[in-house]
Every structure is written in C-alpha cells, then in structure tokens.
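In structure tokens below, several structures.
Shared between the two complexes below is subunit A, which pairs with subunit B and subunit C, respectively.
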Partner chain A sequence: MSNARRSITIGGVIVALIALLALLAPLLTTYGPNEVDTGAILEAPSARHFAGTDNLGRDLFARILYGGRTSLGVAFGIVAIGMGAGALLGCAVGLAGGWVDRIAMRLVDVALAIPSLVIALALAAAVGPSLVNLVLILGGLGVPLYLRLFRSEALSLRERPFVLAARANGAPAWRLLAVHILPNIAPLFATLASTALGTALVAASALSFIGLGAQPPTPEWGALIFEGRNTIMYEWWAAVLPGLAVAVSALGFVLLGDGLRDWLDPRGGGR
Partner chain B sequence: MLELADARLTYRRGAARFAALDGVSLSVAQGECVGVIGESGSGKSSLARVIAGLAEGATGTLRLAGEAVPITPGARRREQCRRIQMVFQDPVGSLNPVLTIGAIIAEGMAIHGIGTRAERRERVAALLADVGLDPALAARRPHELSGGQRQRVAIARALAVEPDLLLLDEPTSALDLVVQAQILNLLLALQEARGLAYLFISHDLDVVRHLCHYVHVITAGQIVESGPTEAVFAAPQHPYTQGLIAAMPGATR
Partner chain C sequence: MARFVLQRLAFFGLVLLGVSLITFAIAHLAPGDPARMMAGPAASADAVAALRAELGLDLPLWQQYARYLGDLLRFDLGTSNVSGEPVLDEILARAPASIELMGSALLLSLLVGIPLGIGAAVKRGGWLDRLVSGLSVAGISVPAFWLGLVMVILFYRQLEWFPASGRFTGEPPPAVTGFLLIDALIALDFRALSAASAHLALPVLSLALLEAGPLARLVRNQMRAVLGSDYVRMARASGLSERTILWRHALRNALTPLVTLVAASIAMMLFGSVSLETVFGWPGAGHYVVQSIFALDFPVIMGFAVLTAIAYVLVNTAADITLGLIDPRVRPA
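== the complex of A and B ==
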C-alpha cells in the first residue's frame, strides 16, 4: 500500500469513527451532557461513568461525545463558509479576468496583510463571544486565502481547450462556472477541505478555551479543556480527554487531506 | 462564407511587444477547405483564436456570409458564435473530464436552445453515428476513450450546432498515422455531405495537400504565399515556402 493510500485509510477511519461517536451520542450514553448529579461529583472513570464526572456531577463521557457534535459542527461551518465562499468567488473572479480580477486581487492582498488571529480575537471580543460569531469570524478570515488559491486554479482552467470551446460557443458565465470550472476543482476542494477542517477544529477549540467561543454550559472540546483545567490536580482526565479528542480528530483530518493530495498529484510538490 | 481582413494581434510581455498576427487577410468559401501552413510560433494558432473570438485585444474585420461579426471576445451574439465551431489539437484537454460524451456533444445545443432534452439525446446518437462512433458511447466519459475517438467526439460536438465554418487547429497532430488518416477521411466525407467550410491549420504539409483546395503560408504573423494547393506545392514562389517544401520527408524536388 502506498503512503498516500495508507494516509487516506488511517485518516478516513479516524474521521469516520469520531463523526460516528458524535452523531450517535444519544445511543452511546444514557446521560445528557448537561445532566447535573450532585450525588456523584468529581468521580473517577468507572463502569457507570466511563470518563468520570466533573465538579457538578455531569458525566464527562457524555459531555465529550456531545462536545464532538459542537466542535465538528463548528469546524464544518467554518470551512463551509471560508472555503465555500472563497472557492466560488475565486472561480468567478478567475473566470471573469480583467479589471474584476485586478480589483479582487488588490482587496485580497489587503485582507491578507492583516494578522488574522489578532483580528479574530478583536472581532470576537467586539461582537460578543458566541459559537455563531466564532464560525462567521473564522470562516470569513479564510475567504481571501481560498479566493486567491481557487482563482489561480480557475485561471489555468479557463485556458483549457474544453473551456475555450464552450467560451467560443457563447456559453454564458454561469454555465462556464457551473459546468466547466466548479466540477473540475472539486477534487482539490475535497483535499484542501479535509486539511482545513483539522485547522479549523484546533482554532475553534483554542478560541473556545479562552472563552471567545462556546459559552457554558455548552459542551465543546475547547470549553471542556478549560473546565477541566480547574480540577486538573484531582482528575487529570477531565482536561486531557477532550484535548486528546481535538488532537486525534485534527490528525485524522490532516492525514486524510495529505493522503488525498498525494493521491491526486502523485508527483508531489503540492499544489 | 468567411472573410477576414487585416487581422492583428499583439502580445505584450512587460515593455516588449510581439506581433502574433501582423495584418492577415483570408477568405473561405462554402464547401471549401482552406489550409494555413506554418511552423510553431508562426501565428497560426493565434489566427484560430482570433476567428473563434477568443483573442483579447485582436483587431481587424470579420464577415460571415456577408454579415459583420465582432472580433473582440464577448462582443459576439450567441447566434454568431454558433456559426463558427472549433476543433482543437489536444484530444485530452478538449473534452471536459467530468461530463459524459453525450453531455459534451449536447452542450452546444443546450447553449443555443436547440431542441428539447429528448430531441438532443436523439441527435447525439445520430451525431455519434455520423462520426463513426457507437451511439452507446454517449454514456461514457472522456478518459474511457482513445485519442482518435475523443477527436471524433470533438468533431461531433462542433457539428451538433450546424455551423457554417469549422476551425480545425491541428486536429490530427496528436494522433498516430492510422488514426490520423481515419480522421482526415471523416472530415472529407463530412464536408462533402454537409457543404461545410473548413479552415484547416497545420504544420503538416502532407495533410494539407491531401485535404485543402487552397493554402496560405504563414510565418512571423504574416501570410507570405497563397494559392491553389497544387500550384503552391508544384512551384512555391516564396523562399520560406520553398524551404518548407524542400524539408518535407520524401520531397521530390
């Protein structure tokens, strides 16, 4: 098995497992994520509470599973907005060319000159911390990056003979975009999206950890790490397990992305 | 059918300017095949792009059956686009890899609003048969076809919208000799059956001699010699043409 195939298999299995655990959370645990049990606080992992309980007696296994729903959902939202809009606008701009392209690229240069994490922090603090704002901010920050990337892809596609044939035939712009450009960037999109999901997951968890994302009592991996930090002297697993969940998921996404990239472009060198 | 007058196209690279086409004029009558011979870099592919309406910054006048057609990209009416169709050199790049053969051939009809979906499907089957392919191939994708089959699909796509002129930009140079001959014979048969006008661009003198009634020799963006094919091959006047013909493998003179 080649390296690429191995990465795809391992990454794919990890991602599928984590996604299944999050999706099937209600079937895998009888506890609700916010179910308080004052008779069972700060318990160690046992047959009743697989990952123990926190200082309010909430089942940590349930919180981590349900937290996966939040964290993965947030990561998907960020990538869908950032890469979705970036790819669509980038392809449109690359196809249009001319002054549209020149203006868009100047705007992208300006946007990329600003340090994005600083902006994310400032914006999150300004508009008020919430998960929806987090998705919008981190998603929006990805737009110029992916716009530039997919624009260059569209520029090379628009000179391919099959696109030239459609252009010479008077095909309207929407058709060029929908039939000829977008379907042909789909493999690249899937590859980059996988890697981007890993990055988005880590970034969203980090911002939730410092209180700019998920608000208590919402279970979210970054927020869970923060909550576990208070009791780390008594129960290390409360912070370590959600941290592990972030690390393993990110690894899965990045492995999958790397594998897909190598598989689609076996000569290497990246794209 | 087609009249092109004083076509000019200049590429700019930084401060340097390079004239890809430097005042080219030619015409093609209905049912006629006009050849354009030139080496790579002579401007012959620029000529195809200008006529197809794909060359940004081109100037000159183009008339199709007496009607003026804008030469700048995007300025043509859709109906004018329909009447000029192009077949490209690269059989791999000229078909969208994600579409089926049927969708590729039907696209032009969809753009120009020809027929209903069912009528287009029927027409695709007929066109595939016309170019010597099994109509069942409509459900396949380009990567499942050979180079010769792909070039037949590209020809079917061009014919689908019933153009007046086919621009053939080295349509056989990427194919092996046997397939090349088959495609050329197909083009000849189609021209006879449909009275199409061909502008055939090639560096292959044998192919041009076999197919074309009239030839233009182009170098450095200018036409240096024109005439009926046999006359030009029998007694080339311009030193450039003489050189080209003398360099033909198996040249008799």
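== the complex of A and C ==
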C-alpha cells in the first residue's frame, strides 16, 4: 500500500470512529452530560462509570462523548466559514484579476503578517466568550489564508481550455464561477478542509481551555481539560482523556488531509 | 539591496498600521463604558461625562483613532483595571519569564529538529524519516497545554522528578537581566541554576517536542531538494566525498529557509505559551493575560495583543531581511 493510501485509510478510520462516537452518544451511555449525582463524586473508572465521575458526580464518559459533538461541531463551523468564504472570495478575486486582485492580495499580505490567534484571543475577550463567537472569530480569521490559496487555484484554472472556451462563448462571470471554477476546486477544498479541521480542533480547545470558548456546564473537550485540571492529583484521567480525544481526532484529520494531498499530487513532498 | 530593505520596512509600517486598526476596532467592541468603569459606580453622571471628555470618548471616531495611534507610538497602552499600573510595565515585568521559556524551547527544538531532519533526508524511508513524519503530524495535532498536563502527571505526580509549578524555589540570584538562567550564571550560583532549569524542564519539553517535528520536516524537505539539485550532482561527479557534499555544499543552502520557519515557530509559541504558562503557573505574560481574561481586565488583554503582534511582525521583518542578506535568491531583482 502506498504512503498516501495508508494515510487516507488510517486517517479516515479514525475520523469515522470519532464521528460515530459523538453522533451515537445517546446510545452509548445512559447518563446525560450534565447529570449531577452527589452520591457519586470523584469516582474512579468502573463498570458503571467507564471514565469515572467528576467533582459534581457527572459521568466523565458521557461528558467526553457529548463534548465530541460540541468540539467537532465547532471545528466544522470554523472550517465552513473560513474556507467557504475564503474559497468563494479567492475564486472571485482570481477571476476578476486587475486592480481588484491587486488590492485584495495586498490586504491578504498584511492580514497574514498579523498573528491571528493572538487577535482571536483579544476579540473573543472583547465580544464576550461563547461558542458561537469562537466559531465566527476563528472562522473569520482563517479567510485570508484560504483566499490566497484558492485564488492561485482559480488563476491556473482560468487559463485552462474548458474555461477559455466558456469565456469565448460569452459565459457571464457568475456562470464561470459556479459551473467551471467551483466544481474544480473541490479536490483542493477537501484536502485543505481535512487538515484545517485538525488545526481548528486544537485552536478551539486551547481557547476554550483559557475560558474563551465553551462556558460551564457545556461539555467541550478544551473546557473538559480545564475542569479536569483541578482534580489532576486525584484523577489524572479527567484531564488526559478529553485531550487525548482532541489529539487523536486532529491526528485523524491531518493524516487524512496529508493522504488526500499526496494522492492528488504524488509529486509533492510528503510530511 | 537597500531597495529590498526599504521595501520590507515599508511593509512593516503597513502591517503595524493594520494591527493598530484591528486592535482599535476590538477595543471599541469591548463591553462596558470605559469612563463609567474608571469613575466607579458611585460617580455622578456629570463626573462620568467629564471623564468621558477627558478620555476623548466624545470625539469623532477618526480622532479617537488618531489619539489611540499617538498613544501607541509613545508606548502608552493604558492602565490595568486591576492593579492601576501602566499595562506596558505590567507586561514587561513578566516578559523575561516568557522569553526565557520560549527561547529555551526554541533552542531545544532546533538542537533536536535540525539533526533529525538531516538524518531523515540522508536515508529516505529509514526509521529517522518515519520518526520525523510522525513527530511533524503530532506537532500539529497535540495541544501544547495538554501535553504539559500529561508531563505534570508523569514527571511530577508519578515520578516526582521535576517541579510542576512556578519558575523558581528558594533564594533567587541577584536580578541583572531578569532571565534566571543567565542571572544564576552571572552570580555563579549553581544551586539557583539547577533550580531554574528544573522548573523550566517540563514546560520547555512540552513546547519543544511539538515544535521539533515540523522543524525537522522542513529541514528534511529542504535538504532533499538540495541533495537532488544539479550542483550537488556536479560535486558528486567531481569525486567529492559524500561528507564534504553534505556539510559544505548542501547544508548551508538547506538551512536558510529555517530563518522564516523560526519566525513562524515564534508565532505559534506566542499563542501556545498562553495556555501552557497557565498549566504550569508560570509567572509570564501569557499566564497574566489569562488571569486578565477572567478578571475582565480589557486594557491588559488589548495591550498583550498589541505587544505580541508588534513583536511578531518585528521578528518576521528581521527574518525576511536576514534571509535577504544571506541568500540573494530570495531578493526581488
């Protein structure tokens, strides 16, 4: 099996498993993520509580499963906004060319020279921490990078014979974009999206960990690591397991993205 | 060459302008009336209005921005709501702790990453090559603050090898530079040196482990490109030994892009160290900003964003210019 195929298989299996665990959470545990049980505080893992309970007696296994729904949903939201807007704008700018393109690229250069995660931190603190704000902020800050990547893709597509033919036939710009350009960036989109989901998971968990994402009692992996941190001396797994979930999921997405890239472009250098 | 440097400096100015516009906009989004906050809940409406005028909050937006820019240029970042001290002083007082942490981590990741990358490039598909691939994927996927927690559990809770909190224990060496390692060396205080190193061990290891992978990968890819190039083939055809080719010809050309990557690593660390310092109770700027987030101390949060953004842009511009000086190929003609 080639390296690319192996990465796709391993990454794909990990991603599918994690997604299934999150989706099927209500079937996999009888506990609710916020179900407090004062009779079962700080219990060690057992047949009743697979991952033990926290200081409020909440079942940690349930919180991690439901936390996956939050964390994966947040990552999907971030990538959908950042890459969706980036791809659309990038292709539009690439097709338009001329001064629109020059000004947009100058702005992108400036935006990319500013450390976006630090800006995200200040912005999240200013507008008030919430999951919706986190998605909007991290998504929005991703736009310049994807704008640039999809613009250069659109530039190369623009000169391809089938696009030239459509233009010669007088196809309007929106039609070029919708029919000829956007469908052809799909492979690049899938590749970049997979890697982006991995990095979005890590960034969102870090911001939640410092109080700028999910607010208690919402189960979210970064917030769960923060909660588990307080009881690290009694039950180390409370902080370790949700972090492991972040790392393994991100690993799955990154492997899948790497594999897709190498598969689509076998000449490129591997990781 | 002068034109290249001027170009980079002009871009530097443009980016700083961008930073100031963004942070000004964010500061405006922050909740609460700054005048009311400063005057206190007991102040009369007149007093608040007077303070508002004094702060320039009743001016048109562009004049407020001009004032903000003027303050920034004089390094006036406002005062902390919590301590009442200037934000700049508060952050600068904690900067040496952060820089010592990040600097040590960067040094360690370079010491590990460069040899790993060279080894991986020389023997394609070997175990070093696979190790570098694995480390680089892990470097992206594993959150640094979580790795820090795992280190605390392993090396503090279980093995009790290293301390898990703070920067120092015992009598600190006389402060000269603010960097404990250097101050301890100056004072020839080896007990202090070992105490400072022990506290650095776990946070530095957490950061460096994750940075070393992507670094090694870049070195490997660069090295491979160079080893496959025409001039290396030429050197080989002339009968030069593999060792001479590797160390004299290939390495120098492969390592120049590292300047750019080091700058990028610093950006990652600036953010990563915020949560990592929190995990280790490290008395640096990152931990301070997290405390300020929970205390709703907006001037500090904004000041931190402005300062780190400026520091990052500065490092990047310096890296660009350095790269242009040592490698004429990247200079625009």
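The working rule: the second predicted complex is superposed on the first by the 268 of 271 C-alpha atoms of A that agree within 3 Å, B and C clash if a C-alpha of one lies under 4 Å from a C-alpha of the other, contacts with A are read in each partner's own complex, and residues count from 1 in each chain.
Simple rule for what comes next: a residue touches a chain if its C-beta (ideal position, glycine included) is under 8 Å from a C-beta of that chain, and two chains touch if they have at least 3 such contacts.
Because the structure is predicted, anything quoted here is derived from the model rather than measured.
Engineer: Once both complexes are superposed via subunit A, do subunit B and subunit C end up clashing or fitting?
Structural biologist: fit
Engineer: Once the shared chain is lined up, is A:H180 touching subunit B (first), subunit C (second), both, or neither of them?
Structural biologist: A:H180: touches subunit B, not subunit C.
Engineer: Just to be sure I read the superposition right, which of the two partners does A:F162 touch: subunit B = first, subunit C = second, or both, or neither?
Structural biologist: first
Engineer: Of the partners subunit B and subunit C, which touch A:A171 in the superposed model: first, second, both, neither?
Structural biologist: first
Engineer: If you stack the two complexes on chain A, which partner ends up touching A:A113: first (subunit B), second (subunit C), both, or neither?
Structural biologist: After superposing on A, A:A113 lies in contact with subunit C but is clear of subunit B.
Engineer: Could you tell me if A:G243 is touching subunit B, subunit C, both of them or neither one (first, second, both, neither)?
Structural biologist: second
Engineer: Could you say whether A:L17 touches subunit B, subunit C, both of them, or neither, answering first, second, both or neither?
Structural biologist: Once the two structures are laid over each other on A, A:L17 reaches no partner at all.
Engineer: Between subunit B (first) and subunit C (second), which, if any, makes contact with A:V100: first, second, both or neither?
Structural biologist: neither
Engineer: Just checking: does A:L251 make contact with subunit B only, subunit C only, both, or neither of them? Give me first, second, both or neither.
Structural biologist: After superposing on A, A:L251 lies in contact with subunit C but is clear of subunit B.
Engineer: Any idea whether subunit B or subunit C touches more of subunit A?
Structural biologist: C
Engineer: Contact-wise, after the overlay, does A:L212 reach subunit B, subunit C, both or neither (first, second, both, neither)?
Structural biologist: second
Engineer: If you've got the overlay open, could you tell me the nearest Cα approach between subunit B and subunit C in whole angstrom?
Structural biologist: Once the two complexes are overlaid, subunit B and subunit C approach no closer than 11 Å between C-alpha atoms.
Engineer: After overlaying the two complexes on chain A, where does the subunit B footprint on subunit A coincide with the subunit C footprint?
Structural biologist: No residue sits in both footprints.
Engineer: Please name which positions on subunit B make contact with subunit A in the complex.
Structural biologist: Result: residues 52-54, 73, 76-78, 80-82, 84-86, 88-90, 93-99, 104, 107-108, 111-112, 154, 157, 161 of subunit B touch subunit A.
Engineer: Residue numbers of subunit A touching subunit B in their complex, please.
Structural biologist: 160-172, 175, 179-180, 183-184, 186
Engineer: For a test of understanding, state which residues of subunit C touch subunit A in their complex under the given definition.
Structural biologist: 11, 14-15, 18-19, 22-23, 26-27, 29-31, 133, 136-138, 140-146, 149-150, 152-153, 157, 217, 221, 224-225, 267, 270-272, 274-275, 278-279, 289-290, 293-294, 298, 301-302, 304-305, 308-309, 312-313, 316
Engineer: Considering the complex alone, what residue numbers of subunit A touch subunit C?
Structural biologist: My answer: residues 109-111, 113-115, 117-119, 121-123, 125-128, 195, 198-199, 202, 205-206, 209-212, 222, 225, 229, 232-233, 236, 239-240, 243, 246-248, 250-251, 253-255, 258, 269-271.
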